[in-house]
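We call the chains A, B, C and D, going by the order they appear; numbering starts again at 1 in every chain.
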Amino acid sequence: MATTSIAVVDDRLFAAVLARADDALILGHRLSEWCGHAPMLEEDLALANIALDLIGQARLLYEYAATIENAGHTEDDYAYRRDPHQFRNILLVEQPNGDFAHTIIRQYLYSAFAHAFWQAMTSSADAALAAIAAKSVPESAYHLRHAAEWTIRLGDGTEESHRRAQDALDALFPYTGEMFAIPETETDLIVGGILADPATIRPAWTASLDRILAEAGLAKPQSTWMQSGGRRGRHSEHLGHLLAEMQILPRSYPGAIW
Amino acid sequence: MATTSIAVVDDRLFAAVLARADDALILGHRLSEWCGHAPMLEEDLALANIALDLIGQARLLYEYAATIENAGHTEDDYAYRRDPHQFRNILLVEQPNGDFAHTIIRQYLYSAFAHAFWQAMTSSADAALAAIAAKSVPESAYHLRHAAEWTIRLGDGTEESHRRAQDALDALFPYTGEMFAIPETETDLIVGGILADPATIRPAWTASLDRILAEAGLAKPQSTWMQSGGRRGRHSEHLGHLLAEMQILPRSYPGAIW
Amino acid sequence: AGRLGAFQARIDAEQKIEPNDWMPEAYRRTLIRQIAQHAHSEIVGMLPEGNWITRAPSLRRKAALLAKVQDEGGHGLYLYAAAETLGVARETLVEQLLSGGAKYSSIFNYPTLTWADIGAIGWLVDGAAIMNQIPLCRCSYGPYARAMIRVCKEESFHQRQGYEIMTVLARGTTAQRAMAQDALDRWWWPCLMMFGPPDGESQHSDASTRWKIKRFSNDELRQKFVDATVPQGHYLGLSFPDPALRFDEATSHWHYGAIDWDEFRAVLRGDGPCNRDRLAARNRAHENGAWVREAALAFAEKRRRKAAA
Amino acid sequence: AGRLGAFQARIDAEQKIEPNDWMPEAYRRTLIRQIAQHAHSEIVGMLPEGNWITRAPSLRRKAALLAKVQDEGGHGLYLYAAAETLGVARETLVEQLLSGGAKYSSIFNYPTLTWADIGAIGWLVDGAAIMNQIPLCRCSYGPYARAMIRVCKEESFHQRQGYEIMTVLARGTTAQRAMAQDALDRWWWPCLMMFGPPDGESQHSDASTRWKIKRFSNDELRQKFVDATVPQGHYLGLSFPDPALRFDEATSHWHYGAIDWDEFRAVLRGDGPCNRDRLAARNRAHENGAWVREAALAFAEKRRRKAAA
């Protein structure tokens, strides 16, 4: 056996579903790293809760991807047996937890998008995706509320919390562009009403940001330069380390059932 | 393939050699984690240098172990294809780097032993081990000098460096007992003059500690309680994380040549 | 003496004592110590299992483990709340934990070394905890008894989940089977120690029994655990690391060998494999989170003033 | 004008300028900037490769990579020393790096994503660096020229090592071959940019050429690199991510396509994939190490006083 990695088919819907599953899994994994180490017990619970929701979303999406691919792969094959360059998550979700402000701002930037995205997806022409969206909407609403409230609290808390929140916002904002970029492979899916058009989601995202950052007293970064690459499998250096830890058991015991 | 791990023979000399190789590899790996992140450029170089020596020692020892085992295994099989419980290094060397004081004190406690050990081993009845010892003596002399000088510098530097050095010493001292414990499987090797008797090494170790700690103004921990388990494959939680990162490529691509 | 008599009469009649009821200071102190110790155990207990969340070998297991550790945090939260009904602030209790002044279950001072340890903790550690805790559902102090009902329900779910992990491993590959056996070997004796010292040496028991905080002796509970667990292990084809273990036809109990109480006392005084790591991890989380808690307080204060203005 | 004339005459005669010799301020400033930038590049360059030390796939590769990164630190050290001969303190230069005020080679703002990147960096990045640096071994400033002789010797060893890594991958499994190709795809264009803007747009070149700090133009060096490297890649059966690449029989050079100078400028102004991570890593190491450097200073001072007393 020369590799324990799987190869996956080249299909547009499959790729689009896999990419969203990867977003949810990687962000869920990052949040799960906090477990037992959060600033207060209530946040240990809240972050674990959000992580659980996201891993749950990832599992539904992988399951659907497996149906589309029809190659006998399971959710665990996708999660544990792909190399970093085979992951299609956006770079934002793989960024390290950093301090609590980085985790919250990352979550806020993502959830403000994801909530609007899943809302739009409830009317997807693809019934399976619409069903996953319907389940995800109340979850993402909670994730957004939690992250937005903390963003305000940190932004308008102490001098230190304000500084940390602004640092996090400045550092993470360049990773938001990928949420709105449309890979060439997805244009047909958008035209076909299967995927929500990011352009229709941006107004809700921008409105949320303007309102929450104003209330938090945080300055919206003016930089228009954006990082990208995740959707093409070109990640940051962080993803490889995350996956090494996540995948070590299935990689060490190929074929074992756990 | 149900596992990418190897099984190794149960042989006393082989086990003893493997255990010393594991000590050197794991400590070398830990030191290599500093590369590019040390407090000053000179220490980036020094820590890398010591790491290189240790990895070099590990390679010689693994090579000799492979000869004894005679099962077609290579140094890389031992390093990359054993599970954590198959490693036989002492717990001291797998402890996390912590701050620079923890790294230095760990190195000092180990090197003060290792230098005396390799000196004694130059007259081992086993010619191969005696040759490895001869090569290791000047290296361990340098490691000891480097760590001892820094121990003194930190202990007698600022209030903060003194506190950090004392904290590190208190935290790591309970891991020194394993260096002097004699696993049942090694008594014959000691009687046969193949392995140095730790009892004959302790005076040199204690003398070094008394002298260096006195000069550093650090208090020798009075606790007589000692951690153990490494030589039996019962490690701390830290080793699994270290190996997950170290082994991910060979585990993901079984059989590939790099 | 009249109040004390009436108090004991209510307890004897299996009536619950509630927060606003009069109670003897010793009763209050005993309960605070016990509930706090229990809460601390849940919190510290998040660490050994949390150590495997990022390495769980399947998404289903990852989600289940995350949910389990979250449950433990939840238990900690409502146990602290139960303790607060006795007039002690959560901050005070947390400070006692962080400074090393308060105890927590020694079992969490052992490391989780393989995935099988997650199975073993569910099966054995939660199994032992349930034995200890089921009688507490009838504890004389109302808030504690009610908290324990919820805790026990969730713990027994965790226990079944742990046993299921062990089952899969025991029926898995050679390596997985060895992993399961090794976990049982390492966790068995520490789990027996979870029930505390042998009856002759146990402190606090007399008053706790009279107050119906404690309804069974340490040795009684330990025997119940052994009797329930040994057949489960044998069913999986695993062996217990106790050569003296045998079924005693006369008593219908599993007889077990001598427990190493020196190890128990060593871990209790701080010399277990992970005592320092566990306390260090809790302290690090607390220190790293200080600025967050300060920010939340400052924000709440600002909003309060704004609302008042 | 006499001093200046004499200075230029010495340079024209290929004599070395030494630290205590008179030199024009602009010459000194140019050299400080260039040597510092070079030193910073070595230091920052430790990070992308250091990223793979803990995951190197064999012990031989692990040792070689560690030794290589150590060499880079060493280059940094003696380049800082060469800069110090021009009257600027290493601390000043380091501060400039940490504050983001000083430049370093943009190539290190790209991430190392697979093991093949370690091969590609050795083969391509060190290969390009050598093209730039070999002429500097004859630079008019003595300490810089001598430092470069040592640097070049080690770099060319690294370059061969990198090519050997690529060779093994290119002849390895399908996955390894894909890894090698992907690394070449990602590193090729950034490596061409390492030679700087096209000749027409390059600053500083005129004076640098007159002072024999710079002996070849950016485009000349770039062409040399392409000509040397393309056959090496083809020999491994790899393809270059440039559809315009073709051998021009007339000129005997490899013709390459248009370079995306927008990307070059973006990375230069801080908008590369890793600019922030690299500077953050250097700053973190510096801040975390502050107490160590203070301790070393305090200790030295104590000993000095003791010796004096």
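Everything below uses one rule, namely that a residue touches a chain if its C-beta (ideal position, glycine included) is under 8 Å from a C-beta of that chain, and two chains touch if they have at least 3 such contacts.
Because the structure is predicted, anything quoted here is derived from the model rather than measured.
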Comparison of B-C and A-C by number of C-beta pairs in contact, larger one: A-C
Geometric centre distance via CA averages, subunit B-subunit A, whole Å: 41
With chain centres defined as C-alpha means, what is the inter-centre distance between subunit A and subunit C in Å? 35
Taking each chain's centre as the mean of its CA atoms, subunit C sits from subunit D at a distance in Å of 57
On subunit A, where are the residues touching two or more other chains? 2-3, 5, 83, 244-245, 248, 253, 256
So which stretches of subunit C touch two or more other chains? 55, 173, 175
Considering only which chains touch which, label the overall pattern as line, ring, star, complete or other. other
For this structure, enumerate the chain pairs that meet the touch criterion. A-B, A-C, A-D, B-C, B-D
Quick one: in the complex, what on subunit C touches subunit B? 48, 51, 55, 111-114, 173-175, 182, 186, 266, 271, 273-274, 276-277
Subunit C touches which residues of subunit A in the complex? 25, 29, 32-33, 35-45, 48-49, 51-52, 55-56, 58-59, 62, 75-76, 79-80, 99-100, 152-154, 156-158, 160-161, 164, 245-246, 248-250, 253, 256-258
For a test of understanding, state which residues of subunit C touch subunit A in their complex under the given definition. 43, 46-47, 50, 53-63, 66-67, 69-70, 73-74, 76-77, 80, 115, 165, 168-169, 172-173, 175-176, 281, 284-285, 288-296, 298-299, 302
Mind listing the subunit B positions that touch subunit C in their complex? 2-3, 5, 83-85, 171, 174, 225, 227, 229, 234-237, 240, 244
List of subunit B residues in touch with subunit A within their complex: 1-5, 83, 241, 243-245, 247-248, 251-256
